[in-house]
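Structures for review follow.
You will see two complexes here that share chain A, one where it goes with chain B and one where it goes with chain C.
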Partner chain A sequence: MTFTALAFAIASRCGLVNIGAEGQFYLGGIAAGLVAIYAPGLGIPVIGGAVVLVLAIIAGFIAGGLWGLIAGWLKVSFGANEVITTVMLNYIASFLNKYLIGYDGPFYDGSGNPQSEAFKVSFERGFFIQNSDMTITIVLAILALVFYFIFFFKMKKGYEMRVVGLNSTAAEYAGIKVKSNALLAMFMAGGFGGLAGVSELLSAQSRILPDFSSGYGFDGVAVALLGQLHPLGMGLSAILFAVLKSGGLAMGNKGTISPYIVNAIQAFVIILVVASVFVQDEYNRRKLIRQAKAPKEE
Partner chain B sequence: MKKKLSTGDVLIKVLTPIVAVGVALILGMILIALLGKDVGLAMGELHL
Partner chain C sequence: MKQKKGLIIGIIVLVVLLAVGFFAPDNIKNTLASFIAQDLRIALPLAIAAAGLVYEQRSGILNLGAEGMMLTGALFTWIGTSLFGGNPWLGILVGMSSSLIMALLFGFLVITLRSNQTVIGISINILALGLTSTIYRVVQTMNITVNAFPSISDVLSKIPGIGAALTNEVPNGTELALTQIPVIGNFLTTIFSQNIMMYIGIVFIFFLNYVLFKTDLGLKVRAVGEYPKACDTTGINVFKIRYGAVLFSGLLTGFAGGLLVLDIKTFVENVTAGKGFIAVAAVIFGKYTPIGAFGASLVFGGAQAIQYLIQAVGLKAPSDLMNMIPYVVTVVALAGFIGKTHVPAALTVPYTKE
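Take a look at the complex of A and B:
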């Protein structure tokens, strides 16, 4: 969820609304899955799955990034609203996945169920932290948050993107290339969405299945909003949502309470966090009025 | 020049989402209670 939150946050910093993390998740997962199935057959050395794992991560990032880039290109070339295009691309990605592993698809395994072949590499040694149920995803997520902080708050390119996000007209006047920054932001956002798909597919699944995302792309929007696009905030809110999600599964397994209660609690969180923005706005408005009324210092 | 944030600014920025999450969880508990379920049991299963 941290990755899909980053997919939303990176685009938001550049003034774009990326609702397409779900589609980017699928594309990243498909690319990583195909690498895991076919790369060992191409003579790529398998060292505990490590080489294939790195290749899968790179492929997932690029595939997700290119999927995000489509919406970015449509935005800068034709002015197409990225909210609509990314939502539409989500459906295309989901149905593309279903086609690829469906009965007529090129990656169908012929088993009678719509699914791909099993991954040829066991990622148990490569993907799980030793003596723990945790996967290296948690390390990748922390690294991604650190990268996000350094890129946006310490690097010139990130600063340019933030300026574009705050005021694209002023940015253009200042000589910043608005279009190329928007394209880069959408590629990076899509890439992180793709990484989310990689980590889900390689850690929780053993083959590509239809609907292998359980709404992580949309959860990422809520995580990013709750975290106020701040890396620390997004990390903490991702933990909260992950706890709720895994707790909801536990409740569903025990059958005592409906797991859909979790969806209601998540909806409460989103509504109240959005509402809290109004509290902040009101605070800022009153502060400005106070400052305007206060006598000026000599 | 970097704008200096006052303590109030930082507090309002940090506290509002925390309060929002807290209120959401309380609303969740009320919902579970309205359904006639054991709130303590439900919160335990949600790891909260």
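Take a look at the complex of A and C:
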């Protein structure tokens, strides 16, 4: 969730709305999954699986990034609304995944169910806390947040991107390349969306299945908005929503309550957060008006 | 000029279709006729939703929550229809009122509170997905009967006087008297045997086009989307027009969602599957006019109907790849045709009264 939140946040910082994390999640997951299935057989040295896992992470990042780059390219070259294209790409990615592991697909395992072969390597569970489902990906998530902070607030490139996001016309005049920044932002955003897929698939699942994302892409949007695009805020809100989500799934297993109720709660949270901006704005505006009127009254 | 180009394309398509209807061998004729009928059925909900969205976007509001409003309309049409003993007319009214409530929420947030339209649109979708799926789990055990709208031939046959001349009695109902036309009769019958809503819908779309471009109200809507400040000084209430457009569009998106449910006669979670977004794309592809959006919907509907065509001619292709086609076509259409049209200048810009 932290990763998909980053996928949304990075693009947002550059003034783009990336709700394609779901599709990037699939692509990243597929790429990493294929590495985890087939790479050990290709004679790549398995040192406790570490090399393969690193390869899987890289493959996932690149695959997700390229998927994000499609929407970015359509945006900068043709001006296609990235919200619609990323949503369409989400559906395309989901069907692509179903095809690849389906009965006619190249990675079908022949078992009678649409699924791939089992992963040869995956992240070890029980990391940090014994007997938990936690894996080393939690460290990756924290590293990713740190990277996000350093990149956007300490590096020149990140600064340029923020300028583009705040005012692309001004950025253009200042000599910042708007298009290449947007493309880079979408690639990085997609890459982190891909990492989300890697971490879900190689931590929590044992093979590629149809619809292996349970709406992580949209969770990311909620997390990023609640965290106000701030790394610390996003980390905390990711934890909040993760608790909500696993609670929702548990409720879904127990009774008639749908796990989807969590989506509704998320939506209310986003709406309230976004609407709260108005209160702030209105307060400032009235204050200005009062200040402007004050001297005349005296 | 742009309008004329669309008209020319439309006429060429019609001429080609008629030529096929007259001269092609029977099996090609039948396949094509059922493809067109299928295309129309898929396109109608898209076109209705898109027509509402045209008004909304022309008034300066980009509603990316259309998907969610459609989904809400779909669920409540389904529930409403079964509450009223399968009556589709009352059912779709229930669906429309539910999406009206969503539109009211959306309008309040983006017009009065001036929130970011894109973000609010997305959260409306998440909200709708969450709510409809939750409610669906609760009500899915209900005993549901959904009746479709009456077919055009059933309606025509009931008109006193001319009804008998326009339709034929057949064993299980009625059919259009078009079958009696030589050579092309069956071809036309397959295409025109739609339910009554198809005809009402298409007439309504043309009516909406007329209102938008030939009446005062339409001019006001378009002006508000271009330069709200100027409108305000001439006494047009920007907020009123924008609320009107949002609520009207909410009604129509809910109606479109209802049509989806009444077409397949059941509800499944996330039944809209991106159709709301495709409708938004149809608005852009259709150059922000209701008729243009209808043409765009026919293209997108065709992209979906083509899977049936491919099955009909006996080609084998993985269904998952076939399912991708409408989404791919939408992306391509967005990329290829955008930028050549005039986008309303105040689109997504909230209006603050000074």
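Definition applied: the second predicted complex is superposed on the first by the 263 of 298 C-alpha atoms of A that agree within 3 Å, B and C clash if a C-alpha of one lies under 4 Å from a C-alpha of the other, contacts with A are read in each partner's own complex, and residues count from 1 in each chain.
Throughout what follows, a residue touches a chain if its C-beta (ideal position, glycine included) is under 8 Å from a C-beta of that chain, and two chains touch if they have at least 3 such contacts.
What you see is a predicted model; the values in this text were computed from it and never measured.
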Partner chain in contact with A:Val51 - chain B first, chain C second, else both or neither: neither
Touching partner for A:Gln228 - first (chain B), second (chain C), both, neither: first
More chain A residues in contact - chain B or chain C: C
Touched partner set for A:Met251, first chain B, second chain C, both or neither: first
Touched partner set for A:Ile261, first chain B, second chain C, both or neither: both
First (chain B), second (chain C), both or neither touched by A:Val243: first
First, second, both or neither for A:Met88, with chain B first and chain C second: second
Touched partner set for A:Gln280, first chain B, second chain C, both or neither: first
Contacts of A:Leu140 with chain B and chain C, given as first, second, both or neither: neither
Partner chain(s) touched by A:Gly79 [first = chain B, second = chain C, both, neither]: second
Contacts on chain A seen with chain B and repeated with chain C across the two complexes: 256-258, 261-262, 264-265, 268, 271, 275, 277
In the complex with chain C, residue positions of chain A that touch it: 17, 19, 74, 77-81, 83-85, 87-92, 95-96, 98-99, 102, 104-105, 218, 221-222, 225, 256-258, 260-268, 270-271, 274-275, 277-278, 281
Contact set on chain A toward chain B in their complex: 226-228, 233, 237, 240, 243-244, 246-248, 250-251, 254, 256-258, 261-262, 264-265, 268-269, 271-273, 275-277, 279-280, 283, 287
In the complex with chain A, residue positions of chain C that touch it: 64, 67, 109, 113-116, 118-124, 126-127, 129-131, 133-134, 136-138, 269, 273-274, 277-278, 280-281, 284, 318, 320-321, 323-324, 327-328, 330-331, 334-336, 338-339
Residues of chain B touching chain A in the complex: 8-9, 12-13, 16-17, 19-21, 23-25, 27-28, 31-32, 35, 37, 41-42, 45-48
